[in-house]
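Note that chain A is present in both complexes that follow, paired respectively with chain B and with chain C.
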Partner chain A sequence: MLKITGAVLAAGLALGTQALAADAPAEIKIGTLYASSGRFASISMPVHSALKLWAEQKNAEGGVFVKAFDKKIPVKLVAYDDQSNTATASTLYNQLITQDKVDLLVADSGSVLTAPAVAIARDHKMFLFDQTGTGASFFSKDNPYIALMADPVSTVWPKPVADFVSQDGPGLGIKKIAILYSTNEFTGTQANAFRKFVKDSGAPIEIVYDQGIPTETTNYTVIINNIANTQPDAVIHFGYAPNDIAFLRNVADVGVNFKMLFSIYAGLETELLEKNVGEKGLEYVYTYVPPSELEYPVNFGMDMKAYKAAWDKKYSDGKVEFGFNAVAGYTTGLVIEKTLSVATSLDQMELRRAVFSLSGELKTLDGTFALDEMGGQIGELTPLGQLRLDDHGHIKFVSIYPHETATGKPVYPRP
Partner chain B sequence: MPSAFKHALFIVLPLIAVFAVLPSFYQNHLLLFNFVIFLILAQGVNIIYGFTGYLPFGYVGFFGAGAYGFAILVMHYQAPAPLAVLAGGVIGVALGLLLTPLLRLSGAYFAIANLAASLAVLHFVANPALENITRGPYGVSLTGTFNPTLAYNAALVVLTLTLGAVVYLKNSRFGLALQAVREDAVSASMAGVDVVWMRVIAWLASALVAGLAGGVYAWYVSVFYPDNVFSGDFSIFAIVFALFGGVATITGPIVGVIILYGIYNLIGFTTPQYFQLIYGLLIMGLVLFLPAGLVSLATRRGWHVP
Partner chain C sequence: MLIYALVAGVLFGLYFSLVGIGLNLVFGVMRIVNLAHGDILMLGAFVAFGVVALAGIDPLFAVPLAFVLFVLVGFLLYWVLVPRLQGSVNPEMLSIILFFGLSQVIEAVTTIFFGTSERSIQSRMLGTVFSTIRIKLFGGKPGASGPIQIFGQGFPAAWVIASITSLIAIALVYLYLYRTRLGTLTRAVMSRRDEALATGIDVDRISAAAFGIGLGLAAVAGVFAPFMFGSVTPAFGADATVTSFAIVVLGSLGNPLGTALGGVVYGVCYMLVQTYLSSWADLLPYVLLIFILLLRPSGLLGRRVRVA
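Moving on, here comes the complex of A and B:
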């Protein structure tokens, strides 16, 4: 009797395994968008290029391990060009879901091009792998269909800068600060969060200038003079890369030497700013230290050195800059890979469960992947650093704050 | 049979019927929705440009204002979505009233001033100081009213009303007077046409159409930023579609949207790398060989195009 039962069980198991293998798809379809032209191309293309690099690398290894089918399956990127057009992006997200019937949905880069995907993904009950859309409005308790992969959510991102100003600042002589920001969701939210952190700290810091300006601003000369008139001890500028380029150029043109000058993209897209502002214009500028300048210990995927080598090999023409966004796209790939390796099915809620199970556990070259309950990224924080010139006149990062990751002391005031 | 009735029966009704049943056969509803939105906007451009000669480069200003009118009513007054769409239309008209002095300009001066006005509205809405009202640059999330099916049907209603207005203009003394003003304002005035009044009515009707379209769009997409709904692409697409088909007709903008937006999506889906080249060549060909739009292929042969 026992033998018969064993034989039946074995046969059942064999049949089950065959059925499982038969049900396995030939490829895992990952749908995404990118912007090859338009105002978001500069942030979208590095992210997309990195995701492609990850997919090609995995396919060269035979695919990614998918626990739901207990085997390696190749991935197929189904990618459309939205040309930075949000109406087109909406249509294409819908196309990916309804016509291409992708297994996983990955948003384009940045909040503006992610925004159309949020409602569409939710409507179709598709889990959205939000790459770098940090908009606080995306994450709510009633929307389980989203998680932020690679950037900290905008409301926590500037905490290291605010903590440095409010905790170390008074000791250095920082008592008056100026805040200048571009009026878009990304930089506007960072300015709000920064202001709140500083005020809540109770530090003896006075905000002497606080102004939002259109994102399209290209000439800051008058604004810089207005800021200089308030005699701030630190100037915090939140803008996109083109804003930072124009602002830093104009600071040099006007000849004002702010004691402390912070800008986001001096650190996030250093190669781009170096080309447009020059090394001297970036010297002593405070900025976020991107993961590409740090050696985070990893427990999954390539470390930074190996990834940079792989990037240089694949994109040797240098048309797409290696920087923060290039790391973000690869991080998305790693989260997807790890998710598929722990998800027991491709059901969207199971994918969500799998993604959230990685929170605090997954350590990539981008730092520790950690989500809050709404899917906002609260790990992968970027420390505050300062750009210096080495002996050869090349830009190098010095991490300043938090102290536990610091590699040097701040130079204040700027010489 | 009166021609207005014929136009409604053979153009408006079939078009609406097709877009009403298409969602049952084609799953990318958002693509169909965008078609409807561009049909509305192209007809809105048709009303102001085709019948008066004012080229509204900043037409998206009304659209974005309508979207934010919808958002404000939903966020602050918990208004039902259909009422908020109507509010979007009212906001569009209010903005149109505010901008009526622009009608004193003409040609390129009007186009540039209108573009500047739309940018001014964008920066007004995106001003962080208005965060409590518009949410400033931080975007709105209207998940409470999110209902794609109803929003799509509402878009069809707006399209029907818009096409009805164009049919009226095409077949009424009012429309004829408008075209007379477009051709020669002085002669029209001497013939007893109230030029200013005519232009203002067409301007406000055009603003109403875009405001309603913006309201419906906000209802459908539900999460957006000022950059999304004030994107200049809406103006450019609507103008190009209307010009491609041929303005001052009912069918011209419809043909323009269906062909050009169809190609846009077809190329965008299959060979995006050739999109700009093919699209650019098409538009260059239009400007060089068919400056009066595709319908001129028929009118040159003496055929009547409604």
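Moving on, here comes the complex of A and C:
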């Protein structure tokens, strides 16, 4: 009897294992979009290139470990080009879900091209791995189908610069500030958050200029003249990389010297900005200090040095710049990898549970991965820094706020 | 603020006259809408990048180079594409499809070779030839070229150089059209293509010249694009084509010199809107297009509505 029972159990176990192996897909399909052209190409291609680098690296090792099937399975990136067009992106996100039936959905880079994915993913009950879409409206208590991988959510991102202006600013002589922002989800949210932080601080700071302009703006000469007429002590510019390039170039061209000048992408895509604006144009500009300058300790994936070496090896032609977005794409890959290693199935809500279980535990080259209850990233904060030139005339970062992570004092006013 | 906006608008607008004039010349002569016009502009910018990267010289040297290069490209493209197009039942409609395709191909090929990132040229590079001449003639030391003062206010030196170049280019187009035999024949073709053909004018030769010059002017405008727009990417062409089209219609479709006026009107309106209603600035080309088509379909300098 015992023998028969043992045989039945063994047969059952064998069948069960066979069934599990038979159910395992040949590959894990990760659907995503990228913009090879248009306004967002310069922030999308580094993210996508990084995700490709991660996928190729994992596939070379036989795939990623998928707990749901207890084995390594190769990943396949199903990627389409949305050409920076939100209408095209909407169609393609739908195609990834309904036609390609991808296992995991990853948004394109930036809030503008992530925005269509948020609604579509929610409608299809598909969990969205939001790479760098930080818009505040994406994250709400009634939408469980999203988590932000690699940027702080825009409602908290500008806190270091707002705190610096409101707490250290009056001591430095900053009393009047100008805010200029591109009217899109990403920079619009940052401007709103910055304004709120400054006003709530109760600091004696007056906002003398506060204007939104189209994201497509490529010429700032008249706007800079208008700002200069208000005689601000600090100018805070929230724009995408092409906006920052045009803005900083025009500031230099017009010959205006603002006492303090903040821009987002001077720090996030320094290589790109350096090529286009030049070292002198970036000197003394305030910006976010990217993870590539901070060397976070990691408990998963490559550290910054190893990753930069891998990037330089794969993308040696220099067509795609290494910067904040290149780190973001790789971080997304790491979060996906870790998620698959703890998720017990590929059910979308189980994937969500797995992603949230990593919060506070996962430490990558981008910092500590930490989510709030709505999926907003609150761990990978970027301090405020200032760009300076070293003895060889090369750009270097000096972290100035918060004080506990500061590596130097601010130079104010800009010489 | 008002004076600054007006002066900036005139400078900016003169540059946009150069951006649009080639498109209008091509349309005026051949009744073809060149939707790849903006892409030729983008390629002109890449010629400037090449001149600076390879020779390290003033990008102004790219102006004659880009012009000659794209006049030749224009001739070549004309003989490959246009005669077949003109032989079709509806050349105007087919030209839109054909040149849209050409635009896509140019953008894709440029992306493959140069990547998608923004590219630019340092502003101090533009006009270094003038400071070199100044130093040779009058002595002194080379220094960073700063803004140019007009009415006591600073404007980017690149804008002034681009505006002067535009004025020279517009004057040369005027001289070509009104003071040369080829120009007279060009105007004859612009006026009545069929009648010009019947009177024995070599319409193909005139059209090829106009197409080449049109592309050459676009490429010259492209040389200044990195300075006027901050940076250029391979995808830059589509927006440039739309703006050019708005300026051309504003001036007068089929009248190249109307484009000069259209550009200035566009530039001044743009700067005024950016000053007083900055959020709406990018709607301007479309708003102007709608207004001009509703109020004066023939354009500011048009004499009559063209029957297409």
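Heads up, the rule we're going with is that the second predicted complex is superposed on the first by the 399 of 415 C-alpha atoms of A that agree within 3 Å, B and C clash if a C-alpha of one lies under 4 Å from a C-alpha of the other, contacts with A are read in each partner's own complex, and residues count from 1 in each chain.
Keep in mind that, in the parts below, a contact is a pair of C-beta atoms (placed from the backbone, for glycine too) under 8 Å apart; a residue touches a chain by one contact, two chains touch by 3 or more.
A quick note: this is a predicted structure, and the numbers were derived from the prediction, not measured.
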Fit or clash - chain C, chain B, common chain A = clash
Does the superposition put A:S140 against chain B (first), chain C (second), both, or neither?
-> first
Chain B versus chain C as contact partner of A:G212, first or second or both or neither | both
Classify the contacts of A:T183 with the two partner chains as first (chain B alone), second (chain C alone), both, or neither.
-> both
Which superposed partner A:N94 touches (first chain B, second chain C, both, neither) = first
In the overlay, answer first, second, both or neither for which of chain B and chain C A:S37 touches.
-> both
Using the touch definition from the top, say if A:N276 reaches chain B (first), chain C (second), both or neither.
-> second
Taking the contacts chain A makes with chain B in one complex and with chain C in the other, which residues are shared?
-> 36-37, 83, 183, 212, 214
The answer for chain B against chain A in the complex is residues 27-31, 34, 37, 123, 126-129, 135-141, 143, 146, 148, 221-225, 227-228, 231, 233-234, 237, 264-265, 268-269, 272-273, 275-276
In the complex, chain C residues that touch chain A | 1, 4-5, 8, 12, 107, 111, 114-120, 122-123, 146-147, 153-159, 228-231, 233-235, 239, 271, 274-275, 278-279, 281-282
Mind pulling up the chain A residues that touch chain B in the complex?
-> 36-37, 80-81, 83, 85-88, 90-95, 98-99, 111-112, 115-116, 118-120, 122-123, 135-138, 140, 142-143, 183-185, 188-189, 191-192, 212, 214
List of chain A residues in touch with chain C within their complex = 35-39, 41-42, 45, 83-84, 183, 211-214, 216-219, 221-223, 225-226, 229, 241-242, 245-247, 249-250, 252-256, 272, 275-278, 317-321
